[in-house]
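Common to both upcoming complexes is chain A, partnered first by chain B, then by chain C.
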Partner chain A sequence: MPAQNGVLPAKCTRCAAELLSPVVCSGCQSIYPMPSGVDHFQLLGLERTFRLDEARVKASFRALARSVHPDHFTGASGEVAALATRLSAAVNEAVAVLSDPLRRADYLLTLAGGPSAVEVREVPGSLLTEVMILREQIEEARSAGRNDELERLRATLSASRGAALETVAARADSLPQASLEERREFRKLLNSIRYYDNLLSEVSVDPMHAAKTTHD
Partner chain B sequence: MAYSDKIIDHYQNPRNVGSLDGNARNVGTGIVGAPECGDVMKLQIQVDEQDRIVDAKFKTFGCGSAIASSSLATEWVKGRTLDEALQIKNTDIVQELALPPVKIHCSVLAEDAVRAAIADVKQKKEQASPRPAGAAAR
Partner chain C sequence: MTDPRDIIVGIDLGTTNSLVAYADEAGPRLIFGSAGEDDVLLPSVVAFDAASGRVTAIGHEARAHAVEQPLTTVYSIKRLMGRGFTDLGDDRRRLPYAIERLAHSDGARDVAAVVIGERRFTPPEISAIILRELKQRAQRHLGPAVHRAVITVPAQFDDSQRQATRDAGQIAGWDVVRIINEPTAAALAYGLDRRERATIAVYDLGGGTFDISILQLEEGVFEVLATNGDTHLGGDDFDQQLIQLFTREIKEQFGLDIDSPAIKQQLRTLAENIKKRLSSEDLAEVEIGLGSGRTYRRRIERGEFERLIEPFVERTISACGRAMKTCSLTPGDINQVVMVGGSTRVPYVRQRVAEVFQCRPYTALDPEQVVALGAAVQGSVLMGVQRDVLLLDVTPLSLGIETLGGAMGKLIRANVRIPCQATETFTTFQDGQTKVKINVLQGERELARDCRSLGVFELTGVPPMPAGIPKIDVTFLIDQNGVLTVSAREQRSGQAAGVQIIPHHGLTREEVRRMHDESVAHAHEDMSAHHLIDVRTTLEFDLNKAEGMLRRFGHLLGQAERASLAEELRALRCYAAECTDAAALNARREAFNRSTIPLAERAMTAVLQTSGGVAGDEVDRPATASTTGGAPTEPAAQRR
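Right, the complex of A and B next:
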């Protein structure tokens, strides 16, 4: 539903067929420059929601990527070829953001007016203390060669990350109606997931390459 | 990227690594983090009766610049009063260690950790010795 906000042309100006995406005609395959203000969801013809169907995202992406692929426009004017290159980049960026739950949630928060990760760097409650303790536990388990303990920590972290992402999923679609305070809390939640991701990469990293701490 | 000798020295021989008793009334703990890189830094200070910092310890999980920044910060706060320690600016750390621009946030983290530790110990002291209510009216 690319024309949902009323600013996009609904029909191709060349063949009058429906536009399935704001940048491609489904009939004559003409390509159009990105209208200003088109978001990643609109570009891919998807509903603006956190709960996207992954298969649909992929299908939309494939169809669109094929339509705007610069290879189809090698015989076209330099201007059209350049447009195809720009659109391809935009389509790739859109799918990269929308296929990753964390980036998708971040993007929905941005569309709702933020705050950005630079503006709010805090995390919920005592998470930093928790992260500090987990880091120490990972380090102790590693230096003691306790792979079972590392595995236990990895499972705990993975569960914490999963729980945080569930909260994100439950709140993401009400962001447009959320207060600034609620959006700040949402940003903190996203920040917490970044810490979990960092810890998870730490717990699974090859010990030979883990010389990143101060400790002997 | 070329790092200064001072960063490398603090990274390879970090000063004051460790922990103080976080429950002690005269110990302040600051834990700060940088969500973008996942670094966490714990900096603790111990003060005497005159609010002078007599000991400082840190534990940092992060890059070399974050470790060097917190190591330097613990060296600098020792011997200062709390109010003097508040004067330490991240830009001083940047200058001393010649931190590259992409690592300036590490010095910000160290300054934040010092401030958080100071705030923590100040709060503890106020709770331990509340001014008598109505003292001003006497």
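Right, the complex of A and C next:
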């Protein structure tokens, strides 16, 4: 076993090359089971921060995905092939979380000790009124068939969501030092983004439908 | 050349046609059948003999039987793969052959089976007949040791349908190393040589299924961003519209109800032909003789046909919209739309796709061949021939469990990259409970009853404790094939709990094994029956020839020799009439031919002496008229 309890392994037990990822040897391409406690950032070899470079996340993911994908272990024993499948699942999960800003922030909060979305369900005080008004406006615009108004509401919502995400970005990296109260506020902020997302999915247009009308 | 044992071929097991292909360093190519290089499509049709349940024909020949023997000619079996009798709905009415619920000892299971006389065939068994035929093709070209294959399925196939496909492969004696999605395979065939980054849509409309997949291609990485579709939408539906039109009008005009399977089948063939004709012409005409001098005549313009199929084409367009929405793209982001599947030959389909994606559909590769070619490419990736290709696919359907109150609790969402896994903790609700049952579902609906149940997973060996105390972590893993495996572990003890799967619509491992063994036995039987006929035919020819020689040149032999040969000939005739062992009969035939050599040589000499060497022909020609089969080489003739 090359690693224990989240400590990155130093050397591959098969070829003694340095392990750049906790699960793959860069020298002989041997794969290792996930050491317990390895987080998504460590798995992908990325710094634990909210401000990740999308291109770097993608590049790390692809390099690792190539090394652990079960298609490259067809000739291997059943055990190794099964390990490759499990590792691929872990790598896929890691990249899915890290490449989505909302999920990434949520994950950073979890690493900092929570609270979870089940523990804190509230949103910032002003949001409920705002959402109620927006919902009414959406319904009115829809029943009146006013696409321009829907489009305007969509823009408003996107802007509000963007602003909330800005705040998230500003606070996410200081979560490890944050007090419980500050972390609760952070959770509420994340909850508010989910509210905006729900509303946004209500005003979204079917791309195919849009294409058809422009064509007619 | 690669060791045939290591070769991995690619198979497109289609609703209408099936193909097999192989790829090496030079790229993928299709493996053709016995009729020559153009014989690449094997119609997915199997004809049976009603009385014995034996297979009488596969492919083109079987399809030719469909009209005369609608009840014993099985086509579109892919529509039944991995499905229960109760959820067949429309298909049961549409397909002329009889389908029933397979009798099982356990009442929970519901597997559809095709009725052929006294026998029952599950859909994987029938698909296996097609797959075995493809295996013979592959073995003829690549050597008898070929046994590994990649088989494609519609991207929208659920777990049961994928399992059924894998079962079919195993029954046919294939080692199914991978199941891949058809649109993804098509992208592999298409994008192998592309290096620049591109976003493509694969629009795959086959005989019975529709898939739309959006992929990003970049330096050997084939990444599926989203997939959508319908496993019950295809060219068959187009045919069905025409059939319904004819049936209705025949009823109106002649008061005739069309219920005979033969006429239904005739209508189906007709509808298919009209659809094809209207792909290149603006007008098609139909004439159906209804007996007693009555004839139904109809002219169909392309526009009318297009109005008939429009609702189905629009359903494909809606699915395209859902796929784009999933990956937050608009038609303008798509660089190219690749057309796959025979039904994309319909001009209206191409026209609508061009309209909504605002670009000309890409049709450079034959839409009926591209999936098999891509599967072969994937085969070469798995063999290690192609090293830089990385296939990243997604699961088409959400996976979840039935929660209290009959809701669907989603654990893995649709369009998540595979392999993927989710772990959920379960507990007991009765003191001392040692088993927990989990109903595993696939689908997008909110209620469990509207989703598809993949089966009940029973956790066994839970330590007896007060209710709510045991904590069992159950891991649902969807592998690279889109196939689910479930494992369980009790938290406290760390012990693996047993997971027993009761598939709702599938076969058990034992059943698959038994079916494989049976199919091998049957194939052997069929083959030896075939072989026996061959040997008998050749023997008949040899015996007749010997008889003729004996009559004309017997006087050149001694009396004893002549009598012994005549006796041998008579005895072998009797033996041939009763013998059922092809190998034994052939051995006797060869021995007999050796004992006729002295006579043949003397006959030859006699002929040469009397006619100066021009009458060899006479020696060869048997005296009796009833010759069959080709002439085996004859020593006298060789010497000429």
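The working rule: the second predicted complex is superposed on the first by the 198 of 216 C-alpha atoms of A that agree within 3 Å, B and C clash if a C-alpha of one lies under 4 Å from a C-alpha of the other, contacts with A are read in each partner's own complex, and residues count from 1 in each chain.
Simple rule for what comes next: contacts are C-beta pairs under 8 Å (C-beta built on N, C-alpha and C of every residue); 3 or more make two chains touch, one makes a residue touch a chain.
For clarity, every value in this text was computed on a predicted model and none was experimentally measured.
In the overlay built on the shared chain, the residue A:Gln177 is in contact with neither chain B nor chain C. In the superposition on chain A, A:Ser88 makes contact with chain C only, not with chain B. In the superposition on chain A, A:Asn198 makes contact with chain B only, while chain C stays out of contact range.
When both complexes are overlaid on chain A, the residue A:Thr129 reaches chain B alone and has no touch with chain C. With both structures placed on the common chain, the touch criterion links A:Ser36 to neither chain B nor chain C.
In the overlay built on the shared chain, the residue A:Gly75 is in contact with chain C alone; chain B does not reach it. For chain A, the partner touching the most residues, choosing from chain B and chain C, is C. Taken together, the two complexes place residues 212, 215 of chain A in contact with chain B and also with chain C. Across the interface of their complex, chain B is touched by residues 117, 121, 123, 128-129, 131-132, 135-136, 191, 194-195, 197-199, 202, 212-215 of chain A.
In the complex of the two chains, the chain A residues touching chain C come out as 62, 65-66, 69-71, 74-75, 85-86, 88-90, 92-93, 95-96, 204, 206-212, 215. Touching chain A in their complex are the following residues of chain B: 14, 17, 31-38, 40, 42, 58-63, 67, 71. Residues of chain C touching chain A in their complex: 8, 177-178, 221, 317-318, 320-321, 324-325, 329-331, 355-358, 378, 381-384, 390-392, 416-421, 477, 479-480.
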